[in-house]
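Read through the structure below, which is laid out as structure tokens, and then see the notes.
Should a chain be cited, it is by its letter among A, B, C, D and E, assigned in written order, with residues numbered from 1 in that chain.
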Amino acid sequence: MPRINKDRSVKSGLPPGTLIHIGERSDREIRVTIAEYTEKTYEEKAISSLKESFYYMEPKALTWIDVEGLHEVELIQKFGDTQGLHPLVLEDIVNTNQRPKLEDYGDYLYIVLKMLRDRGEPGVGMEQISLILGPHFVITFQEGLRGDLFGPVRERLRNGKGRLRSMGADYLVYTLIDMIVDSYFTSLERLGDDISELEDEVVREPGPETTRKIHQMKRDMIQLRRVAWPLREVLSALERRESTLVSAPVAIYLRDVYDHTVQVIDAVEAYRDIVSGLLDIYLSSISNRMNETIKFLTVIGTIFIPLTFISGVYGMNFQFMPELQWRWGYFLVVGFMFFVAVGMLVYFRRKRWL
Amino acid sequence: MPRINKDRSVKSGLPPGTLIHIGERSDREIRVTIAEYTEKTYEEKAISSLKESFYYMEPKALTWIDVEGLHEVELIQKFGDTQGLHPLVLEDIVNTNQRPKLEDYGDYLYIVLKMLRDRGEPGVGMEQISLILGPHFVITFQEGLRGDLFGPVRERLRNGKGRLRSMGADYLVYTLIDMIVDSYFTSLERLGDDISELEDEVVREPGPETTRKIHQMKRDMIQLRRVAWPLREVLSALERRESTLVSAPVAIYLRDVYDHTVQVIDAVEAYRDIVSGLLDIYLSSISNRMNETIKFLTVIGTIFIPLTFISGVYGMNFQFMPELQWRWGYFLVVGFMFFVAVGMLVYFRRKRWL
Amino acid sequence: MPRINKDRSVKSGLPPGTLIHIGERSDREIRVTIAEYTEKTYEEKAISSLKESFYYMEPKALTWIDVEGLHEVELIQKFGDTQGLHPLVLEDIVNTNQRPKLEDYGDYLYIVLKMLRDRGEPGVGMEQISLILGPHFVITFQEGLRGDLFGPVRERLRNGKGRLRSMGADYLVYTLIDMIVDSYFTSLERLGDDISELEDEVVREPGPETTRKIHQMKRDMIQLRRVAWPLREVLSALERRESTLVSAPVAIYLRDVYDHTVQVIDAVEAYRDIVSGLLDIYLSSISNRMNETIKFLTVIGTIFIPLTFISGVYGMNFQFMPELQWRWGYFLVVGFMFFVAVGMLVYFRRKRWL
Amino acid sequence: MPRINKDRSVKSGLPPGTLIHIGERSDREIRVTIAEYTEKTYEEKAISSLKESFYYMEPKALTWIDVEGLHEVELIQKFGDTQGLHPLVLEDIVNTNQRPKLEDYGDYLYIVLKMLRDRGEPGVGMEQISLILGPHFVITFQEGLRGDLFGPVRERLRNGKGRLRSMGADYLVYTLIDMIVDSYFTSLERLGDDISELEDEVVREPGPETTRKIHQMKRDMIQLRRVAWPLREVLSALERRESTLVSAPVAIYLRDVYDHTVQVIDAVEAYRDIVSGLLDIYLSSISNRMNETIKFLTVIGTIFIPLTFISGVYGMNFQFMPELQWRWGYFLVVGFMFFVAVGMLVYFRRKRWL
Amino acid sequence: MPRINKDRSVKSGLPPGTLIHIGERSDREIRVTIAEYTEKTYEEKAISSLKESFYYMEPKALTWIDVEGLHEVELIQKFGDTQGLHPLVLEDIVNTNQRPKLEDYGDYLYIVLKMLRDRGEPGVGMEQISLILGPHFVITFQEGLRGDLFGPVRERLRNGKGRLRSMGADYLVYTLIDMIVDSYFTSLERLGDDISELEDEVVREPGPETTRKIHQMKRDMIQLRRVAWPLREVLSALERRESTLVSAPVAIYLRDVYDHTVQVIDAVEAYRDIVSGLLDIYLSSISNRMNETIKFLTVIGTIFIPLTFISGVYGMNFQFMPELQWRWGYFLVVGFMFFVAVGMLVYFRRKRWL
């Protein structure tokens, strides 16, 4: 079962803006990485707690604050209050049951996305990413369950290669979203491989386990759809530049990512159609095999039934049964049985029952 | 069966605005709780009948009148007339067959919602809540079947903690709606648990009872959808601030509740897809087991059929059957039978029929 | 089969505006009831033919002309020409194959609706009602198959109680539509009861007849949907006051009826989902029972097959079969058979095949 | 199979505006009928080839040129060039694979419709009709496979009865479209009758042929939908008077035809739902009968199995079998068999297996 | 399996605008064909590499640069930079996983389409075509897997016949798109033929292979839909002339192609409905045959069961069985058996079980 809204009910009846961490609990410390950069300079500071982070955010450079781990809600509360974030934003950040969404709070945009994780266990693993895009800063929140997901982007920032450092906060957000959407393609490829395997299994050796696998595949698809469609909405809104925080040149890049999300949805829907079809084929395949077996056995049975009857007739104990006295009676009857059996075999073969 | 519009036909042919209570009849007295509050003060008065309530509603403070129990229609009529409510509003309040909806009567908004109750019996239990939002007052109507549902909110008002007392009537309505939407998450969690159990049952030990459970689950889903979708519409309209009775800061909170309703619908649709799939798996699971059984039995039968035939042959009473005179005839034949049986067993095992 | 457009082809190739009565033919005379009323006065005249009606329609009061029976097309033609109705309106009035619709002819609105009749025979019985709303008059046409359907409204007009006589022609039309929509709730309740019964039947004693009933139920649902959805469109257009013939206060009442139609559609769709599910349960229920039976019989057969084989072995006529000479041979073999039978019973019971 | 786009590929790679006749080839000559009329006068000239037609189209009267047969593309090319028709229009006229559509070329409207033919063979027969509506002229193209389809309209023009001659070119087009839409009702009635028959067959005597018939019915429905939906779009566009070539009074008539197309679609969709349901009933009906048969046979078999076993026991050749010596042994055993058989019959009947 | 996004993950984490060729790798050299033409003149130059092409594009004539083969990404990068193409356009050109789309970059339009290839292997083969439409130039990119696809258009340009040379760049793009859309009709015809064959096979001789074929057909349909729907969007946008690069006369031609895409989608959807129906018929057909077989065999078995029982009775070894001593006992019993067999045959035939 997709664990939708598990534990959510603990919030029932609490006033809005109450921060409660809902989700898997990371056993690591909260880690905060603060990067300040201009086209020329790059400074990075990693601190192990949110407490120290309250002095940052100077206006001279672009600042990217990345928070890993969501379970120390009091610190996040304090941090959010310092940065002037709306209580509802903080509430949503620590609740990992969010659908992907974009909210415009005027001064900043609040974006929630789901990154697909490498799947060790069955099901589609997801990690919630919150992005806050302000005019001169970007704040990101990761669940921090599998370590830092933004490593490659940070690396590119450090190197200073490409456009990344010379462009605004919106371009940084674009880069992060692009990375997240790329994780969908990786998942889709794995799904595609799994479906191919399943197709082979269904046609070659369908077993009782196959149904369970198809059901699991369907559930994965349902989960993927649930995050893919709202993802598209988020990117569509960004690309249409409904907020002034997104500049025109970056909107072109966002249109590209939007296209990718359309491709993702397209693939998910195609896979879904194929998987639905699989169950039908599985059922028809199973029932075909079953029927072939039962038909074969029934045919075998049917051939012996008249033979057994004949032998029964000559097993009767009547005193006057002329055939019993015949010299070649036995051989005639056995010959007749043979003839009947062969005749039935030929008949059944002609009817393609054998 | 969902009891849709049961008893509704008693209204057939009556002029509009005729108040008739449609719904389960509470056996308690109608209870009215009137709360008047400002940021500093809070006064509450509980009266056991609507008769006394007609003197209230002074403009100096925010007034919240909560009515529990809908069956004394004459009193509700009188009360409604005093407060200047439209006859159709009163008609809808006492008819618990309403879909969630929002109606703008200019001076006030009339909102109907369904609160999900804890489910003792099967099915999704619902209680209809009517909310009237005026500039300085809120009037709420509960069915009153399971006691006061708004206790926690009243408690928060009394304490004076949080934003509740310092904000307007729209914020009170938001708080009540938030509570109602939270009840959906509780129901969804229970549903999710039930579905998980059902999935286990379908795969491990499907029985004839399972179909009935799946059908019941489907019906619960249909009922949940019927209230969840219009709920979203209501919140969408509120959030878009189509009425001036909703202020901009509260609209942000309403957007948050709107998001919750989208999550609810999302979960309901996902559950629905999963439950639909369950029936397919159940059927394939059942027919798999059935077929395995019948195949096994048929194979057993098929092994004995030729053996029985052989014994029949040597049970014939022909006078001249040379084998019958052979010294080792009996043992040869039994040996041959054994050989045939073993051969068939090997053959069937190879074909994976056993 | 729903008799959709039966006999419609007789019109093929005729010029537009040719009046041809299509529908069930009432065997009664056409009856015309003319009511003229103001807030204070009420005059009613019932005439048995349309011929006399051509002198009416004085502007000093509200006039309601109600025509029962549609088969005398020449009279309706003449009447329509006198009142200045468009030929296409007249053509539609006498053709009972209309979908519910609203047409604005500037001076008047032409509304077609379907009233659901009490169902003696299977299927959803319908009667077509045409309403013409002018500034100071209302003209209604009933099929007249089951007598006057507007009796209760006429009674209310006579009594002069309620708002009916003090308001305009649009309110009269609203009252009539309200009555018609109420007939849908009555039908829905009956349908709901039938579905409940069917659900019981499907689970408790599904028979071959059940399929037919489910099919019939589905067809009723299809027919109900076909009239319910356009009905909603009609009321939506009226409520939005696209025509000046509808006044603002009446629009509030029409919004209420619009809500009712939404409830009707809601219920129809929910019932439809449930009925679709019923066939699945029926099939699974039937095949479950079938399979249980066949499994039971197969198990019985399988127990006797080896026993019969054993008896066959000792029925062979070999001269040298040592067991046959044993003193207790017979009893040993019978005991062995008993042992085999019990062993198989225990095995099958353990496998839950019995 | 619906012959969709058969032979269409011959056009692949040719420049646009290349006229190639695609469709069934009529073996008749192309026939052209030219009618010029005013309210008072009517002149008609039938010519057997397009060559002579190039002198016509005088502005003093309304001209209707009707072309029957599309296979002489060079003549149609020449004719079209003379009349100033766009090359793409000519290309579409001779290609009978068009969907119904409306194209506004400023000076004239180009309308393609499908007329349903009387169905001798299975499937829904269609003939493509092209209509060109100019300010003072109407040009129509028929495939000419079954003779002149517009006979009744021409007859009405000759008689001069009704509105036809006193109104403009748009009214003539309306009349022709009305006739075409009427052909859908005729087809629908036939389909309705066929479905009724099929329903009876499915319930009373389902055979292997029935599946094929249901499939054919489904395909007919698919084809009908494919022409009915775009037909509605065409009429919707006409009725909304998007072109100035349609006058307001005629738009009212077109709204009426639009209503008819909605009725057609409505009926097609209802039929489609019913036909989909039919396959389910057929399958359940077939499997019910099958199961009843097999259950009956299995019950019969099961009754004899223990009896045969008993007779086998007393067919054993043990020397010491006391019952064999009993005086009434035989009769006792036969009586016991009878008792067992009757007991099983009673048991099976109670279980409703017989 | 449709190979959706295979190899796409290699791009994961790379900065945007990084050119990576994704798709089948052609083993030919990249070929560039440059055509410059006015109404009077036509010059063509074929070069084997992109390196030489950087000097072209003079403004005096229309220039069409056609690039075949996408695997030398550095050259395409360089070429794109020279022509001023956006990095994202270049990225999309070399990634053959694109959905058909249209992007407006102000100075030029970027269009991606899929051309359907002749299908040797199973599945719908596709080749990605990128078109860039500027005011005075057209640049096209083919995958180059099967040689030059634009031969016929180039030929028409050389000849100078038709409108092609006298019109603008938009008309050239129209001509190319028209050619691409024509390739869909060819594919559809082949699909139509395959479906017809499959329908015959399903009804006449359904085998286990048939399911696989239906599944394959469904997948082809899914793939076709995936490219057909966005193709329609592209043409709809072009035809609505959202860009000034498309002139009004050419828009009329584009509307024609748009119509073709609607026909394609229409046909695909119809085929899809038919193919879905096929599986149902296949299953019912298979189970019909199966059941007929098993019924036949069961009936045969059932006839012999009582006969065998009778012979068993008279095979019992009781000392006192009067019938055994009767002179005609044997013949009477055999006659009785015959009578029973014939009676059962008649009974089964009457019940239509044989």
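One rule holds for everything that comes next: contacts are C-beta pairs under 8 Å (C-beta built on N, C-alpha and C of every residue); 3 or more make two chains touch, one makes a residue touch a chain.
What you see is a predicted model, and the numbers here were worked out from it, not measured in a lab.
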| item | value |
| --- | --- |
| Shortest walk length in steps over touching chains, chain B through to chain C | 1 |
| Centre distance in Å when chain B and chain D are each reduced to the mean of their C-alpha atoms | 43 |
| Whole-Å gap between the CA centroids of chain D and chain E | 26 |
| Residues of chain C touching at least two other chains | 287, 294, 298, 301, 305, 308, 312, 315-317, 321 |
| Chains listed in ring sequence, where chain A comes first and chain E follows it | A, E, D, C, B |
| Contact set on chain A toward chain E in their complex | 152, 156, 161-164, 174-175, 178-179, 182-183, 185-186, 188-189, 192, 195-196, 199, 203, 252-253, 255-256, 259, 262-263, 266-267, 270-271, 273-274, 277, 280-281, 284-285, 287-288, 291, 294-295, 298-299, 301-302, 305-306, 308-309, 312-313, 315-321, 351, 353 |
| Contact footprint of chain A on chain E as seen in their complex | 1-6, 8-9, 11-13, 15-16, 86, 88, 91-92, 97-99, 101, 103, 208, 211-212, 215, 218-219, 222-223, 226, 279, 282-283, 286-287, 290, 293-294, 297-298, 300-301, 304-305, 307-308, 311-312, 314-317, 321, 323-330, 333-334, 337 |
